[in-house]
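Single-structure report; data block below.
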């Protein structure tokens, strides 16, 4: 199968990193096509960033559909544009936050989330509510590590992240850790070894769920909320969407 | 004061209509500047439409700030891009759905919402949850009147709308009606006379709230969630946001 | 328009103070009629106080209706007797807690409430729940300043109040402050200057909402929950309600 | 023990009726003192009625305390003035709605409530929420039988009530019925025989709970929310509360 | 009446203790029959323990029914097998956690729970949710006193328990204390004297509720969820359930 | 990998059926070991059945651990004994209801559940709440097809099931269907073809999730709630648990 792995941030470093993570776990028969949108901010750290990135990543969904992929993964912890993507795609679309919450809940009673900027805490809260995992989350902790700094992580920054995970376990009662940024994807194994609890990265989690849906021949229901958008004139910089 | 009244749909007819509604209720000292984005779909009826419109309307927020407006109104019942707009604006930003819910709750125990397409029902549900008005809403009813059809309303379509309002009152126990589309703005008075309950249009409601905030010298707190976005490279069609 | 501004506490000092606040923000065409009930406790600080005050303030609602006012404001943060007042009035009735929550939510992601006695915390919690603003409130903090002490505020007491506001901002993440007592109405501007976040006083908020409803020709729906009470014999000290 | 059984409605007929119900179930060592306030409406059917009755019934609580009763029961399904009563009493205060919900939940998975006027449905909804029994209630149904009509019930009205109970069982899935008015107290046994499910009357339920608390030597905690009110001047018709 | 008082732990010491507590409060006409199952763990401290105990205690329910008891009490704070017991019994079945929450809510605004092992905190959280008392609970605190250690309590362990109660009052705002283990049943009076707030033991609370239901002639509704199980083959060690 | 696929019902027919379903979807490298407990009811249709089955299936978990399996699946829609199983197992334990909800939420906005007996509806409601999927479920519908009848399904019974699925889609707005019994596992593909929406069977869903966890090297966190049970004497028919 082919998976359209989308990094909604326009920074090549993170795209490369998540491609490596995804390939490390994918079945031999799975081909990972990793890319990021042509437009939008280098990193997504507030609602403004996310609003631009959301519009831009839809192009990559369409492009994936045209290339005949079997599933799409939106690899940014805010799961931006998930509903819109499901409307325009015929193949399943998975967000990495939702994927991580699902697997975390299978291996712990309560999981903690450790993420980047304090500014993104409300976004995490909203994701937990949207997917229904609020009561299974022991808390969300921000490290205030900027997203782009994750591209070349210093030992000091790694320790800062590990320390926040330890607080999630000791102070909040987290029994597993969900990493709150695609840019942390390469750290899951190392952190799990150090912390001695399951550490869940949404990118690899989403790859396995995409493969699962594909093997089960399950794709997005087009009979209701996720039916294709009604055709209507679309103007200006978005006029490539007119069909 | 000057109010930046934004129709996120790119259809001029609705922009003209809401300008009339807003002017009909504005204080003599209030100047209404109505416009719509250059980019995006003619009408917003699903998540895909909203995702494009959200990115596009932020340009109009910035333009309003540059013109020195005192408040912004996002005149689409989905309140698209509200958080992002509050981040980039220094002046208050009001969505018409939130405005309508607030005033409806002041004049009724439970209000009903009557909106356009069935497809938008989840969006209304999300708005009620976001603002905390779920328990004060007797139900949301879709008429399946397309947004653009509201531009030149036939008598038959008006009756369809009025009938759905009547069902909201009789069957759901609505004591007031919130109109679920900016395009219905001109119908509030006529419907209220016919239905004998308060009918709340979000556009006029938002104008009064914008004036209220201005007179109270209240504007968006920039100390937390709505602080200005961090500066970072923004690529492609959004590169005009680089500063 | 004429606004019936009711101080449910029977202390003249607070009535005078809120009249000044209301007049400072009212439109030139708005006449503020401030009064307090003839009966009941000097200040409302527990359920017993509120139960007596609730019965007593209904007389002032009726009196306002007889004087032809266009709106009523219940200027005590517990919004006592709001439902009963809406039943007996034909004009809209606004409570200052609800008014403050509404405007605070327009200018912040999360607001804090700073109030008087610890004893009143459950009342604030109930108000947030009733109006649906629990998830938008970062916390309610009591200063244990007695209501009547607010009449002539010492510098020390002011600092105590300001300190609690600072804790709400720093520790709870409040981005705006709602003042939890009508007796703090005169402090909003000073506190806002000092704290550098929006500070919302329910009295002035309610005046703007009352004017908004009046201009929009919106008043309480009498078709359901707020219909006039059924006529029946009323005995004893309340027999003036027999019609 | 002595129980102060208060009918907050000022209609002697209902007071007599609930005295009979209470005596029918009380232990031989329990003395029931039934009375109603001197002031207020003959029946409580809306927020206005309840607001007056609440202030008036506090006199009866005080009078009971002075007579040395061991518990107070507020025998109106709205449980009016419960918090205020707990503040001024040293002995436990029980509302019949709360009492009925408790016992109903011990003998059913989901219970239905059948009450009087449609106008009181929001009050029932609020009671279920306050006490936490929303998820254990299959629905609240109004019969639109006026409270005073229950004093001398015709066969026709009885059938109307029984029919609504049947609908609660068949359509809503109620496995037990809570009677939503003290005036229905005498009908519990007859209805239970006819409907073949448990029928819970709050008056008798409250008597047993009052006896239970008394035997367990449990009374209202005065260490927090229900501490005695602070002493302050109380004016006008309520000045008998000055101590 | 006869009450089947079941200690689901298979430790005789706790059975003896709760028998004493129950007898100390029962009416002279009430006969307490205390026993524990033949099978299962000596103490219940995790889901595994509870799963075994649940299956085993159903035998004691059946045995009680055969002996003609009038009510069953499941005297373990997890209220194990409550639904299953209600299905197989014709007489009411009461769990001590639910009983304690009910009476605690009659004498306080918010109660705290002080229990045994940290491991059992999720079970307490689930009980509060199931019965609807989450919002009336100020918090649950674990002492990490093993259940069996309660059989012969040292002064030191008693102080540890009292200290945790004090924290519940001071730090969490508890106005009453619910004891979170049947093994603490004998300590309620002493703790209440020392702490000066109501202390509720579920065993004695359940005895009074059982007597109340009996006197009110109320028993489990068999018309829905708690109807008798369908007859079907039951194999292996449970084949004594075949009828 | 080896998966311990447990049918908690003691009916061989269903065990055979789910083994076929599981094998049809498992990776070539996955070995399915299907079995059912030696003890307990032939089918699980009420709390009594589930209580016995829960205790009995723990033996099969231990047996699987001893055989060195890599994951356990509890293949009964009530997910019985899930917490206890996670305590005693070192390898992940997945319930089929939770698995089905997860995958259904990836391919629909709202899914419906179609299950067996009306008696089991509260169990389904509890599962949705436990896992957090209440808001993503359009409703649960019972067919009143007994579990054992699913072993050899008549055309008539199949149509009954398909009709209920159609009602879930048309009347409730379900966009996908979750099959509410392991015994329906073989019908998913046929129903999906007929209904034209995704139909999710928990057995196959759980197999894919088990494989996903295995490949990701994720297993149950033993650091908190799911730590191994404390060792203590266990009596009677459960004494094989003594170690």
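Letters A, B, C, D, E and F mark the chains in the order given here, with residues in each chain numbered from 1 onward.
In the analysis below, a residue touches a chain if its C-beta (ideal position, glycine included) is under 8 Å from a C-beta of that chain, and two chains touch if they have at least 3 such contacts.
A quick note: this is a predicted structure, and the numbers were derived from the prediction, not measured.
Measuring between Cα centroids, which chain is at the maximum distance from chain F?
The chain lying farthest from chain F is C.
Would you kindly tell me how far, in whole Å, the mean C-alpha position of chain F lies from that of chain B?
One centre to the other, that is 45 Å.
Between chain A and chain D, what distance separates the C-alpha centroids? Give it in angstrom.
Centre separation, chain A to chain D: 54 Å.
What whole-number Å value describes the gap between the mean CA coordinates of chain C and chain D?
30
Among the residues of chain C, which ones contact at least 2 other chains?
Counting only residues that touch two or more other chains, chain C contributes 83, 109, 122, 225.
In which sequence are the chains arranged about the ring, given a start at chain A and a first step to chain F?
Beginning with chain A, then chain F, the ring reads A, F, E, D, C, B.
For the complex, give me every residue of chain A touching chain B.
Per the stated touch rule, the residues are 10, 37-43, 45-52, 54-56, 58, 81, 83-84, 86-88, 119, 122, 146, 148, 225, 227, 229-230, 232-238, 241.
Quick check: in the complex, which residue numbers of chain E touch chain D?
25, 27, 83, 92, 94, 98, 102-103, 105-110, 131-136, 169, 173, 175-176, 189, 196-198, 200, 204-205, 208-209, 211-213, 215-221, 223-226
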